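Each of the next two complexes has chain A plus one other chain: chain B in the first, chain C in the second.
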Partner chain A sequence: MFNYNIKLALKSMRRNPIMTALMVAAIAVGIGISMTTLTVHYMMSGNPIPEKSDTLFAITLDSWNPLRPFNDDRPERGPHQVTFHDAERLIALGKAKRQTAMFESSLIIEPVNEDELPFEAGARVTNADFFSMFNVPFIYGSSWDKSADSAAEPVVVLTRELNERFYGGEDSVGERLTMQGIQFQIVGVIDNWEPTPRFYDPINGGFQDINEMFIPFTLTRALELGSNGSDWGWKSEETTTFEQWLNSESVWVQYWIELDSGSVNDRDDYVTHLNAYVGEQKKLGRFERPLNNRIFNVMEWMEYHEVVANDAKVLLGLSFLFLLVCLLSTIALLLTKFIGKTNEISLRRALGASRKVIFNQQIAEVAVIGTTGGLIGLALAGLGLQGIEYLYDAPAGLVRLDWIMMFAAIGMAITSSVIAGIYPAWRVCQIPPAAQLKTQ
Partner chain B sequence: MLQMTQIKKVYRTELIETHALRELSLSVNEGEFIAVTGPSGSGKTTFLNIVGLLETFEHGTYMLDGKDVSRLNDDDRSAFRNQKIGFIFQSFNLIPDLNLFENIDVPLRYRGLPAGDRKQRIENALETVGLASRMRHIPAQLSGGQQQRVAIARALAGDPKVLLADEPTGNLDTTMAHQVMDLLEQIHAAGTTIVMVTHDPELANRAERNIHLIDGRVSGEEFVHSQDEIPQAVKLNGSEPLVAQL
Partner chain C sequence: MGFGPMMSSLLRNKTGPLLVALQIAVTLAIVINSLFIIMQRVEKMNRPTGIDVDNVIVTYVRGFGEDFDVVSSITNDIDLIKSISGVVAATVSNHVPLSGSGSGTGLRAVADETITPIGVGRFRWSEEGLDAMGIELSRGRNFYPQEVNYILPTSENGTPPSVLITQDLAESLFGEEDALGKPVYWGDMEASTVVGIIGHMHGSWVTWDKLTNVVIQPGKPAYTTNKYIIRVEPGMRDELLPVIEQKLGESNRQRVIKRVSTLEDLAARSYQQDRGTAIILSIVISLLIGLTVLVIVGLSSFHVTQRTKQIGTRRALGARRIDIIKQFMLENWLVTTAGALLGALLTFALAYWLEVSFELPRLDWRFLPAGIVTLWVMSSLAAFEPARRAASVPPAVATRSV
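Our next item is the complex of A and B:
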């Protein structure tokens, strides 16, 4: 009966094309808008590294002003970043399975091709562990090793795009690239890697492009690398020299660790380690605020920084309300359409169709209408997402409909239209078989 | 084949009750062809709807093909109706956007017959009514008489125990009406039980027996086996004998 019901549904839709078009349009617009906002929300709130999100942690140390919390509205929160010297010391202490400090900077590159002018490229200044902690894929070579960190060797890992630009996509490992007047050895080229959101640095934008290259954190001092990212300070200090800046209480370095597990014990152990470190610092007159050292796993960190803006959540709710309005319109149209089929329903009942058979026939029709509306809604959602990309200058690929969202759209269209069709279909099932046979 | 005893049917609104059938009793034998006549409002259509299991009734019993159908639920009535009863309506009641094949296929689908069986039945039924060559036409491409023949084919395809005809020639001109009646007589001759509601005394006289309804009761019955036979007056429902005025 399934195929038969679908065939009848198509005939019924053709019988009244204007009403069918109105219903399909109502569902398509509702699905298009709700899927657009849902996709944005899904992309923003998705787990960017599900395989490790429970064992990777961002840390915060409350080294802020003893007289005033970092955030007046949320006094329990310490600064989002750490000082450079705290990062250096924590790296030296180790303790975690892996750890990395990092910040955004930029370097002037002297291109391989002498015809090209030098240009500035964004760099993430970090540690060797960064790549293994965050599962960064390589097409050529690998991360630098820890000895390069220790020795502050001028090594670099390029992105695929930068390698394409300089070396035409060929294996460039071992080549040398001149930056800031220094020859860097290329040790690796990473493959396409666009964690969404950019969980390891939501402070400087959860939806920014990744940096074009990666260099060791220990080069900061030698190259006097400044931070291009956010920094906060509270203490009036002399920072005329770079060394003074590095030793200041300004917080501008992000610090991540990887633990063996995300268990309470492992977390507590590491916080105890942080507390011990801060306790030592307190003896030196630093960290005058009460102990407030915390670690956040990936999803906690996303929530902490409200990567999914409240506006997006409100918009999502509104779009689903709009879908509801569209469905209510569809219910009204379905009622009108089904009541117009009273004669046929009455006849079919007389010829032996049970109420269930009639119900299924009407539900098949709304499912076909829902599927059609869903497919058109999917196309509208695609256009909507392109519009959002254009309006907000979002990074390419941030807001795209993946297979999950496509199936979700069709599933939502069918489910919602079937739900909308239940009452009209039930009403039409109540038509007695003898109702209209005499009057046709 | 069909036995109704003391059937009562009342239509109720907030203001009034209308007694459509009042303790109606009637038997129809297998293979019989009866005509039910009566003035407007006499309960003919209600009677036919109850015979066809299209409506329920308040009181009495109804045996159809040896089964008490008085208390069947809606699903069982639908299934029984589909298997045992064929309908022919005054206004043909074909579905306009289905072709002849698909129209006749409707009740067969609900019976769950396999595709091959359905096809064979539909082709045979259309052959019987002389419309096999028009299988892919839609109803609007046929004359009224042809449409009624399709409706008859739809009823026949299910191989019903009883064929119920409600004013089957009411929308047809005289020539087509005679053709349809000839067809019904052929079907009857092949052994099908037919119950026909009609206003037309001439058509009623082509049945074997005429039942006359007035005010929801059988007011008279006449056997018309052959034209030279004298109509019989019979006593019904405990009332005084009446001679049916057909």
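Our next item is the complex of A and C:
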């Protein structure tokens, strides 16, 4: 019966090729456009580290100007980064299960051979906990030891890409790289790691290429590392020496912690520790604003930074309205087409076909149209996503259709076309047997 | 005559026309709101910048090594760049306008810490900065060469005695009063004197609402990364860009040339989101209009075929070709207009949702009548060919069995 229905469907589709083509096209562009925007939205709003997103937290401390809040429009918010010296002291206190402070910098890698050019590489300046907290995968070696953090040893973890460039992808652990005149020892190479969005640093762009290497936070002093990311300041302070800059009230370090669980209890406990620390600092005349220390888990932090651009939401909304138009077209076209088949249906009904059989046959036709439209729509969505990567200069492969999205697309195409087909099919079933034949 | 046969055929099959009207309504709502967003973005991207964007090249370099001397490196680089024929002016700057990377601070007209300062973008460049950006000074004077010193990270903060500010900033600070010669106060309550007013210029962050509030301090920033702004003779930019890159690369091996690009490219990157949205919406509405037109053509043709006998009968009873065309066009017009009326409501509903949920600007109502008129024209064009075909049905058809 199924095969027979499909055969009839194909026959009927061939009889009205223009109408059929229009319906397939309507479903294809509808699915193509809505899947493109849906994929972009899905990628932007996805959970980049689902296994830990409830136990990782970014922290904010309100060390801002006593006269006015950090953000006039959102006065309840403290600055979203912390000062260097607060980060240093919080790490030393170590009240969480794991903690990491970090910022983005860059170093010049000096050439090994005379004919090579020096090369500037981005570096995330952080500590050993970074890798275990964020589940960073390694191909060679591992993170540096905590002792390297405390001794400020010049060690470096490379990305796969940088390791390919300098060592042709070979195990480079133990090799040395000269940067800023200092020999760094390579302790590990990480595998491709592209959490999307880049949740640990939404402040400097949520969807950019990953940094190229990692070095210990404690080297900041020795190497006088500056931040390539943003810094905010409110206090007029003398900062002519690097030490003065590190001790200033400028906020430019991002601070993350990992707790045993995301329970209210554990969260409150940690905030209590933060408040105790700030209380100590208040005695020294800092933190003059009311106590306002907060922690945000991964998804809360994404929300805080509005990682999903408003434009992406607007486009998503509009493209689903577009899909609605495509469905309305399909219903109108189907209705018209089925009415054109009145004679045939009357005849089949007169020859004994039940309403159910007629109904199923119409739905089969719609499903064939929907599947064809869905497949073409999927190809269009693939094209659309490439267009998006080009338009936004995104790293290749950043937005792509995964299996979930492909099944969703086909499912959506079939479901929506079948829904579109129900009313026309029902109408057709109301045609009385042979009634139509009489008028001839 | 006219309405009789048309209404009866419309009413006999209500669902079809209703669906088309609904489709037209949603199409109208999407098209008008999208067009409005597109216009907003295009307007935003085309705002006058006050800068000679087309003829400016920007270079980022960074030195390294023990014996690297940043001051002599910058001095030699700027001399080298200016020796290239076709270069009009060049300066080292702390930041590049329109690039998305910048420095911001707050200024006040009076030395009172309790007053909320006015947000401004801050640049620091030499006496050639204005010329290197092609920015016009509307009043006052530019910096004197003796006011311009190298600023190292270790330099004393040293408040500059003179600054240039934009007209918009002057008005935010002093209102109607003339800002020229007046002091402006920094966060530390030190003062600088306004010596010149720039008619108009954009700062670093194109999405910032205070984009046109700019203050310029005299100085040659000698930080880790040195940014050179270079203006060339009109039309020579693309030819000179590789020359500058090559000459800088050869002159000093203790420097990495991080990037040489046109200011046009940097600005385009800053507007990437706006441009992307405008392009995507343009594609969406083109497809949408194309689809709706095709559906109208398809359905009208089908109806003509279905009603061949009715048309033949009317012709046999004395209806002229023009009457048949009129009937089909009027039928189409009625459906379109019903769709347009519903569409007007939907358009405002959608506009309201966009405004409230996404802080988009309020829809300009004039887009609606323009949209409806366009809709009438397009749907009439779409329906004309099928109507003409209907009119060519010979009266003799009535006598035949279909």
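Observations
Operating definition for what follows: the second predicted complex is superposed on the first by the 433 of 440 C-alpha atoms of A that agree within 3 Å, B and C clash if a C-alpha of one lies under 4 Å from a C-alpha of the other, contacts with A are read in each partner's own complex, and residues count from 1 in each chain.
Keep in mind that, in the parts below, contacts are C-beta pairs under 8 Å (C-beta built on N, C-alpha and C of every residue); 3 or more make two chains touch, one makes a residue touch a chain.
Treat the numbers as computed from the prediction; the structure is a model and nothing was measured.
Residue contacts after overlaying the shared chain place A:G352 against chain B, while chain C stays out of touching range. By the touch criterion defined above, A:A121 reaches neither chain B nor chain C. Which of chain B and chain C touches more residues of chain A: that partner is C. Applying the stated contact rule after C-alpha superposition, one finds that A:G226 touches chain C and leaves chain B untouched.
In the superposition on chain A, A:I108 makes contact with chain C only, while chain B stays out of contact range. Of the two partner chains, chain C is the only one that A:T336 touches; chain B does not reach it. Residues 440 of chain A lie in contact with chain B in one complex and with chain C in the other. Partner chain C is touched in their complex by these residues of chain A: 18-19, 22, 25-26, 29, 33, 37, 67-68, 72, 108, 110, 117-120, 180-181, 226, 234-236, 238-242, 309-311, 313-315, 317-319, 321-322, 324-326, 328-329, 331-333, 335-337, 339-340, 388, 391-393, 423, 427, 440. Residues of chain C that touch chain A in their complex: 13, 15-16, 19-20, 22-23, 26-27, 29-30, 33-34, 37, 62, 64-66, 113-114, 116, 153-157, 186-189, 224, 256, 258, 269, 272-273, 275-277, 279-281, 284, 287-288, 291-292, 294-295, 298-299, 302-303, 306, 350, 353-354, 357-360, 401. Residues 45, 49, 52, 54-55, 74-75, 78-79, 81-83, 87, 89-91, 93, 95, 97-98, 106-107, 109-111, 154, 166 of chain B touch chain A in their complex.
Of all residues in chain A, only 1, 4, 11, 14-15, 343-344, 347-357, 432-434, 437-440 touch chain B in the complex they form.
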